[in-house]
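Note that subunit A is present in both complexes that follow, paired respectively with subunit B and with subunit C.
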Partner chain A sequence: MTGAVTQTGDVAGAPAAAPRKRALTLGVMLIIAAVFIAFPVVVTDPATTSIAFFALVFMVAASAWNIFSGYSGYLALGHAVFFGTGGYAVAVAARDWHVAGGWPVFALCLFGGLVAGLVAIPVGLVALRTRRHTFVVVTIAIFFIFQLAAYNLGFTGGTSGILLPLPPFSAANFNQPFYYVALVILVLTVLVSWLIRRSRFGLQLLAIRDDEDRALGLGVKTRRLKLTAFVISAIPVGLVGGLYFDFVGQIYPQFAFDPLFDLSIALMAFLGGLGTIVGPLLGALVLESLQQYLTQTFSSDATYLIAYGVLFLAVILVLPRGVVPGVTEWLERRRAKAALSAAHERDAAVPTGGVAGAAQ
Partner chain B sequence: MSNLIEVKGVSKAYGGVKALSLCDLEVHEGEINGLIGPNGSGKTTLFNVVTGYERIQQGEVHFNGTEITNAPPDRVFRLGIGRTFQLTRLFTRLTVLENMLVATQRDEGWLRGVMRLAGSAGERRRAMELLDFVGITRLAHEPAANLSYGQRKLLELASLLVADPAILLLDEPAGGVNPTLITHLADRIKDLNRSGKTILVVEHNMEFVMNLCSRITVLSQGSALVSGTPDEVRTNPAVLDAYLGGEDDESTQLELAQEATHHDGTRVSVSPVRTPERSKLGDSPTLLSLRGVSAGYGGGDIIKQVSLDVPRGGITCVVGPNGAGKSTLMATISGLLRPRQGEIRFNGEVVSGLTPKQILARGIAQIPQAHSLFPDMTVHENVEMGAFTVSEKALVRQRMQTVQELYPIVRDRADEKAGSLSGGQQRLVEFARCLMLDPELIMLDEPSMGLDPQTRKMVFGMVEQMNQQGKTILLVEQNARAGLKLSSRGVVLENGIVRLTGSGRDVLEHPEIGALYLGGAVTSAADGT
Partner chain C sequence: MSFTALLQAIVDGVLTGGVYALMAAGLTLIFGVMDIINIAQGVMVILGAYLSYELSVHVGIGLLPGLLITVPLMFGVGVAIEFCFMRRLRDQDRTQMSILVTYAVAIVIEGILTAIFGVDYQQLQASYVNSSVHLLGFYLPDIYLIGFVLAIALLAGLYYMLYRTKFGRAVRSSLQNRTAADLIGIDVNRVRTLSVGIGVAVTAVGGMVFGATNSFNPNTGYDLISRLLAIVILGGMGSIGGAMAAAVFILVINDVVAVAWSPTWAPLVYFVALVIVLSFRPQGLFGRAAVRAQ
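Here is the complex of A and B:
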């Protein structure tokens, strides 16, 4: 086994480089945080800050969706259920409990998240009995059941929907509170996503993605695990759902339960990189901003769909696994190539150790 | 000695094919038990049943006194039964170290599981120690997808050890790995056994099994045939019968026995490769010929420098132990696998390098090893699929009629789903489908696999019938006795090399054929190659 140990130079070298890398990561994160915090102060144009708010909402949604679908590999196309449920929970509660607009409604968003999480339990129990394509179809079906229910149930206000109380914010700074609440939710969601990614729970989810049956055979309680991830991923979507419809000022069925929402967050995650932490954030930031910009500029709802299509095709062709993994891989390949040629020069004199595994 | 695993009267069938029938198995605590048996004898199915991947309707499985019949895989693993898979299964997008951490067992609430790190410092240290034990420590931070085939086998084994199971079920640990690594693996398994682990290993590499195991259980046709020490098993005639295939009627068996005594002492004339044949069809023109063909998947060659002739109008049977390269040989001829070296000629024309479709159009049809029908399509549709490439409708109709006359089942059960047929019936439908193309050469891969003796006899009868109607047959057969008896010409393949050729009977009676199947290579005749 000595032959194996002598070749661990790259591993042994890693800790030495780690503090520098960590400092760099921290610095970049601080700069990004500063940009996000300062943005609505620097740019006060309401049209632009509303774009920023929408981008944050979708960054939360895509990131939360990724916690379940990205990590476990189960493609859920029904998260609009939780977006709409969160929205309706806030709207109905604000209406029935006579909650004043502004900060009290923001507090109600927590309730929206809670309701979304509770709804996710039975939805997950049903949908997660299936796998792969069937799972995708079942989530879509459940989504339409919710849309139908929103049209027909009494307390949802039917087709005309519900108006939310107007926040007492001045017109000039109207967007700012919404923006910062969304930013807080985003930070918390990314924190959860990061915690899960490095946890044992996250590792087991990733194992399910790669080979669910083998994971089961290694003692992973797959069913419980998938349901937990499903519920965790529903809660932030419900939270921003409440916030989103509070911002818009009203909620009605085809808007709350919008199939395009599901496609959008899935596309965003795919574009950025499924299963990574940064990927869905990047995808949502780019795509949602682009969509809102195009809608505002051309005042047409369809233009962004064409842009979506073109962009998606380009990514599938050039970076099929998404931007983040694609670029990371490219960088690693370059680094590995450099390391390999260096190693070749070093090892040229030393015969390779007789490790059987290496011989194959 | 107490029994760690006890399997009692387990039966399992897939559609019409019986994989296990009233199978019993005992694994004693602290032993290395080898589970051997011909292809399709139910070894992997038995593993699947014990580890909860397959449910059974009949029989019981006990582990350490607890009944675990039909327990789910995660529970079975937590109780202390770890297994590897025949085709190694890893979490390919995780790193090697992450793969190791998946199986760590902790008793904790789900919330703590969500919050805590994937591996504590202690768990990581333990994982690294185990990687060290199998010798792949330096790959700890590589994605598992980057590992070589042998390294994957090592990782799969190590990843089980994290949970410290009481028994390891290893499904073909030495399959497809190089000799150095085989020795390394055997040493690791012995180390584990010394440290108290019980081991049950399925393996086709007889040398590996015989050297490693303290006790061997032979499965045949879905039930345990014999259990004993390697020497007992090696010398037990029933075991050789199981591998070579039992005779179907007693008179031929008697006849064979008499002939064997008659030949006793005299050198059986088996010609080494590439010398003139004495078989009755040796003079007939060659339909298919291979010259120095090498082919393989990934790293090494599976068949090496194979040269053989398939005479027109005859039945040529290729036999050899599992992993000899028989199926690879077929895949190479049919164009699914491109030969790396050498030349294949069919009817005098070079066909190596053509696409499978072009080769099919030249008149070489293959019936693959089991389950090649579309189970959800009807019998009629399945047969029709055979003529997929024939555009002339009248010709298709005419052939369908011929096929229906030959195999009444195609007409009688035309509208039933192919999946509902028994194993033997499915074979007939496969034959029918193949004949829809009216090929000149039919390649059959293990037509008797998983069939009971009567059905097997019927299937072989059908093969003979096809041959009598002018089809040249190239047969790969596990049941060497039945296959060779049927054939005008026999070819023995071992480790990808042609060891013997000759008339079917000569090959069958060659004294070293037993050694070939139950460990040890043929030495005398191999000199020719």
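Here is the complex of A and C:
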């Protein structure tokens, strides 16, 4: 909601209401933070807390994806590359360096994020030579190169994949450490997203989204900027990739480089609202929880695929700009309409007096 | 690696390249007329393969006569998808949104196929699938020859339709400038619907040949669409000739790499070729220099 408030605050620019609004925002944020922190303590059912963990992972991924694709308007459909490389970096390092499960592997997730960031540099250099739909297709192509490499390279363990060391957590509290680590990553990612959105860097990215050639003409260093944003958006995805596969306990190519992952995070961001801060978070929270719930309930791939595809189509066709911008627009329109009809009533009330009131 | 093996690989590449050219031509036709990238093209090929499978296994209609049924069916699927989804996209950021929409369509089709057929691999069977002819020292599998001949015939038909008929002129004019086409009395919406129908109908043929030469399950569509996209982008989006040349080019290299190095790494050729070409020619080998004016 920070994004929405900042945006409307900037647009409306009502100085008198600002401090009260800010206090309200802060209050809401504190409540939300408290809910997220208390959740696994209050709800201890492992099935539910694992859903919560998956939701956090996808909130990070969607939010990070949004930093690049949402702000710059370049639709990247290959972020599973970073999810997978982060996961494989952690799995391979844990195996080859004999890292113990639990907190040492969590520390390795930083390494996963680093590797993902490093991989993003050459990927971005190649992909960002193109624009628009060609860019989308190139990111898909690069994604398949990585999937193929994971199947065929020696150190990835091929089709059978790699097992990660088992964390020494008790069965009852197994999910909690994962949940809190994911929560910390989420807070940091949202903070970065928010800072970028408010910065000159963020404005330049938005300028690229609106009209890249004009932005270039105005002196925005578009290539360097796009690459920076691309790398920044890859790092959190690599971080949670490592954490995710540590939680699952194993990694194999089909799972690490999953085309549905690319699509899911894009859908989450679209559902919530592309380019907003809250949108991708909201979209990921709703969709991932729903998806996990559906898989736990139906356990049928086919039903799940159909439901997911239909939902996706409905979102794009009904709310092409996402829930957050859609609702914001609707509220603003309603407010404007209310103000307009109030003004009309006032005008009407002057000559006709009580008649207008009686008519109501 | 012997010289004969290399030549055999090149011949195989040209023959399979023809079928890929046909599937890619459908994809590039849809893009040219609609500015829409049909990610579902891959899974539609698989749908076509399953239709042929159903007809041959359960109804008893052979693969080749079955095309008389599957081609119109796939045409209908294309028309329905254009009518339900594609024409509802707004003109701005249409291409990007189309990728998401058709991806979703692909997921739905994949889900339906999984629900009906499960995830076990299938392969189409017929008397001409496993036989081959010995010609000039090469072994040419009959199904490759049939696929190649079918593909060439259909591509020639497509070419004739686009460049020698009134409808083709309407397609090309709405491809060049939608507003102007509208103004001179072309029903652009009808042209678009029919073009998508034709672009999807070719997947019935592609699916039959693909299903007879490869084992497939509902998931195979993703592998296929990534190859088709690589071909289409390499050839230059919207250029049918480019798609044909790129398909043959890339499949020959693919087969040669499979023989000379290793079959597992051969698919890498697609993407490496794509990345290299785009680094020097972002518009593809035969694409127009400027990004299409919307």
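We adopt the following convention: the second predicted complex is superposed on the first by the 323 of 360 C-alpha atoms of A that agree within 3 Å, B and C clash if a C-alpha of one lies under 4 Å from a C-alpha of the other, contacts with A are read in each partner's own complex, and residues count from 1 in each chain.
As a convention for this text, contacts are C-beta pairs under 8 Å (C-beta built on N, C-alpha and C of every residue); 3 or more make two chains touch, one makes a residue touch a chain.
Since this is a predicted model, take the numbers as computed values, not measurements.
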A:297 in the overlay: touching subunit B, subunit C, both, or neither? Say first, second, both or neither. neither
Is A:266 in contact with subunit B, with subunit C, with both, or with neither (first, second, both, neither)? second
Quick check on the superposed pair: does A:133 touch subunit B, subunit C, both, or neither? Answer first, second, both or neither. second
Regarding the shared-chain residue A:203, is it in contact with subunit B (first), subunit C (second), both, or neither? first
With both complexes superposed on chain A, which partner does A:44 reach: first (subunit B), second (subunit C), both or neither? neither
Overlap of the subunit B and subunit C footprints on subunit A, listed as residue numbers: none
Within their complex, state which residues of subunit A touch subunit C. 75, 77, 126, 129-134, 136-138, 140-142, 144-145, 148-149, 151-152, 259-260, 263, 266-267, 270, 300-310, 312-313, 316-317, 320
In their shared complex, at which residues does subunit C touch subunit A? 37, 85, 88, 90, 95-97, 99-101, 103-108, 110-112, 114-115, 119, 222-223, 226, 229-230, 233, 237, 264-265, 267-268, 270-272, 274-275, 278-279, 282, 284, 291
Given the complex, residues on subunit B that touch subunit A span 51-53, 72-74, 76-78, 83, 85, 89-94, 98, 101-106, 110, 113-119, 132, 134-141, 148-151, 154, 159-160, 163, 177-178, 180-181, 183-185, 299
Touching residues on subunit A, where the partner in the complex is subunit B: 1, 4-5, 7-8, 11, 14, 195-196, 198-204, 206-207, 209-211, 213-222, 224, 228, 232, 354-360
